[in-house]
Amino acid sequence: MIKDISDLTLKLKSMLSSQHSVYLKGSVADYIPALATVPPQLMGVSVATIDGHIVSSGDDQVPFSIQSISKIFGLVMAMNRMGDSLWQRVRMEPSGQPFNSIIQLEWEKGIPRNPVINAGALLVADVLASHYSSSKLAFLSFMRQLANDESIQIDQNVYQSELAHGNRNAALAYLMKSFGNIEAEIPDVLSHYFTQCSITMNCQQLAQSLLFLANKGIDPRNNKVICTRQDSHRINAILSTSGMYDQSGEFAFSVGLPAKSGVGGGIVAIIPNYGVICAWSPPLNKFGNSVVGMNLISGIANELGLSIY
Amino acid sequence: MIKDISDLTLKLKSMLSSQHSVYLKGSVADYIPALATVPPQLMGVSVATIDGHIVSSGDDQVPFSIQSISKIFGLVMAMNRMGDSLWQRVRMEPSGQPFNSIIQLEWEKGIPRNPVINAGALLVADVLASHYSSSKLAFLSFMRQLANDESIQIDQNVYQSELAHGNRNAALAYLMKSFGNIEAEIPDVLSHYFTQCSITMNCQQLAQSLLFLANKGIDPRNNKVICTRQDSHRINAILSTSGMYDQSGEFAFSVGLPAKSGVGGGIVAIIPNYGVICAWSPPLNKFGNSVVGMNLISGIANELGLSIY
Amino acid sequence: MIKDISDLTLKLKSMLSSQHSVYLKGSVADYIPALATVPPQLMGVSVATIDGHIVSSGDDQVPFSIQSISKIFGLVMAMNRMGDSLWQRVRMEPSGQPFNSIIQLEWEKGIPRNPVINAGALLVADVLASHYSSSKLAFLSFMRQLANDESIQIDQNVYQSELAHGNRNAALAYLMKSFGNIEAEIPDVLSHYFTQCSITMNCQQLAQSLLFLANKGIDPRNNKVICTRQDSHRINAILSTSGMYDQSGEFAFSVGLPAKSGVGGGIVAIIPNYGVICAWSPPLNKFGNSVVGMNLISGIANELGLSIY
Amino acid sequence: MIKDISDLTLKLKSMLSSQHSVYLKGSVADYIPALATVPPQLMGVSVATIDGHIVSSGDDQVPFSIQSISKIFGLVMAMNRMGDSLWQRVRMEPSGQPFNSIIQLEWEKGIPRNPVINAGALLVADVLASHYSSSKLAFLSFMRQLANDESIQIDQNVYQSELAHGNRNAALAYLMKSFGNIEAEIPDVLSHYFTQCSITMNCQQLAQSLLFLANKGIDPRNNKVICTRQDSHRINAILSTSGMYDQSGEFAFSVGLPAKSGVGGGIVAIIPNYGVICAWSPPLNKFGNSVVGMNLISGIANELGLSIY
């Protein structure tokens, strides 16, 4: 087990090289053309700690589409804005279904099971679109502040591609609206949601941006309160039961860290009171999680001897 | 049993008066404001025969919103335009679910079970919107021809109300589009569909407009071929298994005629080789079928001693 | 079109020979070993008329396992015994799901949609097992009377095989019992049900046994009332919407006769006021209906120019 | 926050008294008569630590029916017996449905989502019934060893009551068997399962019996290895995502400890590397979790300042 964070650098390098054929087992997301063209062999990893260290390796500074990882940030903004009233419109239960299933939403009358499945993230997008005069700018500004980088951008190519292939998300949103659980106009909700998903960031930025979840809601770099201690705890709880699509249970079982993946190939994992891991490699397994990313997070968790259980 | 059609006139009158408190058992559709304001006590009935008679009673000349009865006419147009290739995009099986359920559509990967549930009717609307330069005008023109009345109109009030409350239909349409089973843009599909539903006609017009289904596809008033004999047979088969929402089996069981109801309170029933009944009374039972309309159709079928079984 | 029944004999022969390679498109039911061994090339057909004729061809006197065709006879017995109270425990709606799905039963709280899907037939079996001191003997005796043949037997080999592979039916029965909709002990219900299914009859016997359904409830050979006129009508209605598993709508669409198939390869079709067709050929299509049987029924319906629509 | 375990005793007492009208908000389980008669006002709580302390209050020595808490112990036995091959027959994903739903099991072809929903626990019961010559004795013996009390017994009254009302569990088991995922005879599987559920223990015994899960698989009282470190980790992960029925997410969200409840009113919660809480009060909320038990666990977790997130 690693005692000193500086020992981790070499470890990361050797972990990455052990994955250099593994990525071939996965497939790059192709549901939108803009994602399908990312080179599959890219891979990077960063570990940021609350005491200010960051160790990285591989393509850790190559920006990628954060996709569903953005659900965490949207949720923080909505919790801050709505307080506990948010939980009357979305539950906090595991979904137990593939991440985009419409059936459960119908069954449960338009109340999504949690804010990190697509339906729940669309509801969060509705909250933001309804409560901010310009929710897209507010979101981008929040991300730039957390990453401490004003150059963070939306990939317009990805955004347009998402919009053109967003029929299932539109179906989820209209279904919720038919149950009275969406306030804004659906095109505005989708526009916000796809904007969120289309932000590009790199491993170093993502790992550092989430340090507040490992530190009771406070960004350790500047002591700013990003969310309450309780909400930080709650978000970690949700990520533990539901962050890895229909492989969340298996991930909790084998790794045991709150985590969230995106179909861009990124995965972030929170190590409470320690730091954040961000791994990236585009090819996905059948559940939509990065094959190499899963291995890297699992390997690092093991090296660090840190699991929440 | 009635032998002579002229004997029916008195019968209809007495049947109607027997229903003058029965309508109170139902509730006028209130999912859109424009329907909720129709006076519940109105009721009318017409029987048109293929040999040219028409007997009527009550408010048989008061126009009402035809709503889902329009699904029959849209289907005829789509069958004429697409031929058998239509059946690769919609099945002809009973739905076995409440008429607007989204679950079966997800389960069966965007292929609606039949063209008279909402999902199937939206698919038919897509066919029309995709194949006609102006499908709404084409539809209206088809209805005017069948009713032999150029004054038939769309109720713009109902149309706007449908659009404003059409979120569930939008969800169905986007879900089908996500499976690649819708070609046109969804707003165009919905606009066509709500236009169809918003046409107003009266009992006499509806009964006469459907005589071709009782006459092997040929309009007996002018010998025009409205659809093929086989398609006329097929439409009657679909109406028999699926025309009365989740009460279709019970209706087949107790009445045994191909029929279609709409939430405007209208019901049409085809008596093969004889004629068509159209009954109207706004208050609906829990299945969405007119309470009085069901009784009238059943009573007349009984009087005429005509069931298909 | 055939005008004289005697002209049909040659037609049947040529129809059968046209199917001599078609049966290869289907697969003999193999969910129980006892059915899997039936020679696939066997095929027979009989047409019995209410005026006393019977024309047949092929293996029309080879006994086969009637399987789900027995559901008709069980239903007649239960309707006679229970009257209209039967319909508080089973609905009469099309199922809209593959024939053995457990989901709809759960959704609708243990009330089967109709008496010819498995759940509904198990409920009917419960009625018989609860109301007769020996329901199996009563059923066999009813079949012998209708077929006018005391030698009709249960195939013990098939029965044992059904029992050994009846786990899904047991699941359906226990689920209904958990909702309070089964009275007898489950092993007794299953034993009755599998006994029914395991009776062997041939095409001639089955066609004649069902003449009462073409004749308003009265067996035309001896004028015995087998069921009321209304119940005869009702059973035909149910068979029209739900008799051919998840191909019922398509069958209504293309043939238009009340019919019931069994996984033994038999199909019976009722021609109201005319007679009954029974066709048999073991290989089944993906819906569980005999490939050749469907073709034969369809061909004969066409020749006779008789459809209910 | 409590620093010294001995300070907890007084706290527990005051917590219990604060609940003396709260229990009225719940309802004692009445699905079997034997449970419905337990006095609702009983309540007890025990906290056992891995360093050998135990503090308790209220009816902490009154035995109650452990019900679904037994699923933990059955799972340990099955994991020890089968190793990783167990996970080919049951998944480790959250269920996302009410605990006894049959729909997901059908959807996922007889593979339960995890071993602590009823279907999964029945599968575990099948493993035990198939691999032990007398699984019921083996289970009882395991419980007596863990509780260090040879007098622990099965409540025959509860057992008989469970058997007589076990139709839904029978349906689940037969459905899994129809998919080939159950090896033993269903009556044997059910008999084992209901035996497990019918064991009676008190808060002190349950808290101490589960110390191995807070101590990496080793019973701290005698250093016996009850399960591997990895399996202890895995079980805690499963309990975190799925131990509290359809309130598991909310519990993780608000308390954040691996826990399991039973309809007898007991709840156990594991505090990794610290100890185990067992709370008991019969009245349940709508999710099937003890109202008072939830409050007590939550209050103690708060006092101890120990959450896994």
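As written, the chain order gives the labels A, B, C and D, with residue 1 at the start of each chain.
By definition in this document, contacts are C-beta pairs under 8 Å (C-beta built on N, C-alpha and C of every residue); 3 or more make two chains touch, one makes a residue touch a chain.
Here the structure is a predicted model, which is why all the values come from computation and not from measurement.
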In the chain contact graph, what is the shortest path length, in steps, from subunit B to subunit D? 2
Taking all residue numbers used at the subunit A/subunit B interface, answer same if over half belong to both copies and different if under half do. same
Using Cα averages as centroids, what's the distance between subunit A and subunit C in whole Å? 55
Between subunit B and subunit A, distance of the C-alpha-averaged centres to the nearest whole Å: 48
Cα centroid separation between subunit B and subunit C, in whole Å? 33
Can you list the residues of subunit B that touch 2 or more other chains? none
All pairs of touching chains, each written as two labels joined by a dash: A-B, A-D, B-C, C-D
Which residues of subunit A touch subunit B in their complex? 101-103, 106-107, 167-168, 170-175, 177-178, 186
In the complex, subunit D touches subunit A at residues 91-97, 104, 113-114, 233-234, 236-238, 240-242, 246-250, 252-254, 256, 258, 272, 307-309
